[in-house]
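Chain naming follows the written order as A, B and C, and within any one chain the residues start at number 1.
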Amino acid sequence: MASHESSYTPGNPVEKWLDDRLPIIRFSKEHLMDYPTPKNLNYWWTFGGILAVMLVVQIVTGIVLAMHYAPNVALAFDSLEHIRRDVSGGRIIQAVHAVGASMFFAAVYLHIFRGLYFGSYKAPREILWILGVLIFVLMMATAFMGYVLPWGQMSYWAAQVITNIFAAIPIVGEPILLLLRGGFTVDNATLNRFFSLHYLLPFVIAAVVALHIWALHVPGNNNPIGVEVKSSRDTVPFHPYYTMKDLFAIIVFFIPFAWFVFFAPDILGHSDNYIQANSLVTPAHIVPEWYFLPFYAILRAIDFNILFIDSKLGGVIFFGGSILILFFLPWLDTSKVRSGTFRPIFKWFFWLFVVNFVMLAYLGASAADSSVLGLSVADFSKLCTAYYFLYFLVILPLLGRLETPRSLPESISEAVLKKSAGGSSAAAAH
Amino acid sequence: MQRGFQVFREVCAGCHGARLMAFRNLGESGGPEFSEAQVKALAAEYEVADAEVESGVRPGVAADRWLGTGQSNADMIATFGILPPDFSAVAKGRNTSQPFPWWILNYVTPYAEGGPDYIHALLTGYHEEVPEGAVDSEGKPFELPEGKYYNDYFPGHAIGMAPPLSDGVVTYGESEGGVVVPETVDQYSRDVAAFLMWVAEPHLVARKEAGLQIIVFLILFAGLMYAVKRRLWAKIEH
Amino acid sequence: MATQSSTAHQDAPNPGRRDFLYVAAGAVGAVGVAGAVWPLINQLNPDASVLALASAEFDLSAVEEGQSLTVKWRGMPVFIRHRTATEIEEAKAVPLSDLKDPQTDAQRVKEGHEQWLIMIATCTHLGCIPVGESGEFGGWFCPCHGSQFDTAGRIRKGPAPTNLVLPPYEFISDTQVKIG
């Protein structure tokens, strides 16, 4: 950005008049069209654009659903079915919103893992990363409250269980619980406030996304080799090169999205949520939505007291810690080299981290008293939780000091030239 | 599907409601597809409470929703100990569990039949006596509580509902083309499971048809966008 | 992509095809956007449960001559009046020149069912519900602003600009009417 000068000249007197007062066309041209982008970004970088589109999809379908939804314990379940049965196109719009939440999280996880692998959180992009983690936390809160709204069995019990997490906090836990629920259990007051907040939070997310993009446009994009942009030979304008590439990726992303919406809209959820909430009967097998499973497994893994901390509070601490730790990641990783491509040992730990994360999700979905690969779910979860924290707290700080990275290319354009001269098959870096 | 409705009406509906289904739905495509006149006649057989009418009740019309069971909730709780569940969404509210790794296939095949499979299995899964060798969740010999029935597929095996179907309990009318439909528990439960799936998800067929068109469109669009992207980037070393 | 540079050379001298490609992609994109926007607008239309009530049937057998029935149709009150022979005579006798909104009595009812007058029960002035069998003309009188209607529901006096509106309806049998 620093080397970038505005190329906008107002084309006519009206534009000139506007430009002197509110330079919105200049701003848009600079940031949406001319923004210099490293030319070696691969398809993992398209998830930013996909996520922006998903946020819009969720907000638009959400506003539509709110026109037909009734946030009242007596009516909520039936109003959802009314949307599916009677409203024109309602089944599709509702499915887009519900499946959309899943697709949103799928994309955000890929976006986060891309950042983890290519070191996108390192200086000078710490704020960019922190804002991203903040968006992730807000997304989780929004998704959770949205899940309560259909007022099915899973909705109700998810609300009951998750709000109970706060009760684990010493001394203030109980008052906070009452404050959150607005009652002694999850009830109409809870449903109403969740509806209100579920409507509000996406707009907060949109605001933080704006900051996230602002923080991106100051240092500019990271890129697969992790070497900063050195000259204009390293970059292309965002439009049309990345607008069209992102658009292609978005359409491809929509194909599995449409598959789920039209052919299996309920498969990512739980059939128990088609039973109206009943405060007297707990479903046999409570599981959160898939995107919460890794963190749910961590919450559940702590089944022992640690000194004076009981297991419930311990679980909550580890659960909260697993997300909070992401905020400190820029200072935990000591490596001078950004991209994992040039870090031979880091790669192994990174992919193990990915497998470990997926494993946590699988464990989160398994019944607590079952066993996986010969280990009990409880022990396996402890093992995976341990690796999750070790990765951030021990491996990344030490590896930066111990590992010898491969030599880095001089610049992006040099790396690109070398690649095409060698005729290498650049499967990923296309 | 009309047979399924008949089984539902004559057997299930005595205790289970379907409050989200309207009479008009019964005439829609994808469902039992009764004619408009049949729907009207059917609805008119029921009396609907309507505060705006002097007598308080009027004959039903197509726009009305399915009425309850004709019994008050309190009566049913007194009889059964619990309230029999409403069947509006029951086919979506039940599922069969599959062992790892076969459930992964469900994500690529549009399998949405877990509910009907469960209903069919449940209705045909009754035993007059606890089978030999049956054990409870702790591995002890299974003991059936008083007033419960043993069922292979009900979670926990002890179900409060007596076997609702027996061979010949519903008499199917003359079917089209003179095909004789067997009046057996297996056939009844198949029919009623299909009907209940439709009740739970009335627009299933239309939805999947639209989905096919949209996915074909998206693939076409993606192909075009890929060509556009390649042509743009052809000039750039990257 | 090993073949990248070679394709670049092949593509370069073919600008016509490139333009076509961009236009085609743009057109398909426009179709896609329209297809996505339409359901979002269409959902604002009345839903199936509302549409199911768009037409309704009413039984008239209990309404004696000289009585009226007020029914609810599409959320609005509808008058169904079983007119007496005198009322029909009165209505027929009015010369069209006396009317603000000229309509013959025959235009106000269905042939063969002249005794039944079926009208939406909201005053064409500002939407109040008129009171039956009152006013100077033996028809309806609107208490809000004093509009007066005759025994065929035609405006005779007061601020209302037109006659009381007739809903679309048909007789299924002599005692069954389907409104809507």
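Throughout what follows, a residue touches a chain if its C-beta (ideal position, glycine included) is under 8 Å from a C-beta of that chain, and two chains touch if they have at least 3 such contacts.
Only a predicted model underlies this, so the values are computations on that prediction, with no experimental measurement involved.
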Comparison of B-C and A-B by number of C-beta pairs in contact, larger one: A-B
Centroid-based (C-alpha) most distant chain relative to subunit A: C
CA centroid of subunit A to CA centroid of subunit C, Å: 49
Whole-Å gap between the CA centroids of subunit A and subunit B: 36
Two or more partner chains touched - positions in subunit B: 214, 218, 221, 225, 228
Residues of subunit A whose C-beta touches two or more other chains: 82, 85, 92, 247, 420, 430
Per-residue multi-chain contacts in subunit C, two or more chains: 4, 29, 48-49
Residue ranges of subunit C in contact with subunit A within the complex: 1-2, 4-5, 29, 39-40, 42-45, 47-50
Parts of subunit C lying in touch with subunit B, wherever the complex brings them together: 4, 7-8, 11-12, 18, 21-22, 24-25, 28-29, 31-32, 35, 48-49, 52-53, 56-57, 72
Residues on subunit B engaged by subunit C in the complex (per definition of touch): 22, 24, 52, 61-63, 214, 217-218, 220-221, 224-225, 227-228, 230-231, 234-235
Complex contact set, residues of subunit A against subunit B: 39-40, 78, 81-82, 84-85, 91-92, 236, 240-241, 244-245, 247-248, 251-252, 254-255, 258-259, 261-264, 266-267, 271-276, 284, 413, 416-417, 420, 429-430
Footprint of subunit C on subunit A - complex, ascending: 60-61, 64, 67-68, 82, 85-90, 92-93, 247, 420, 423, 425-426, 430
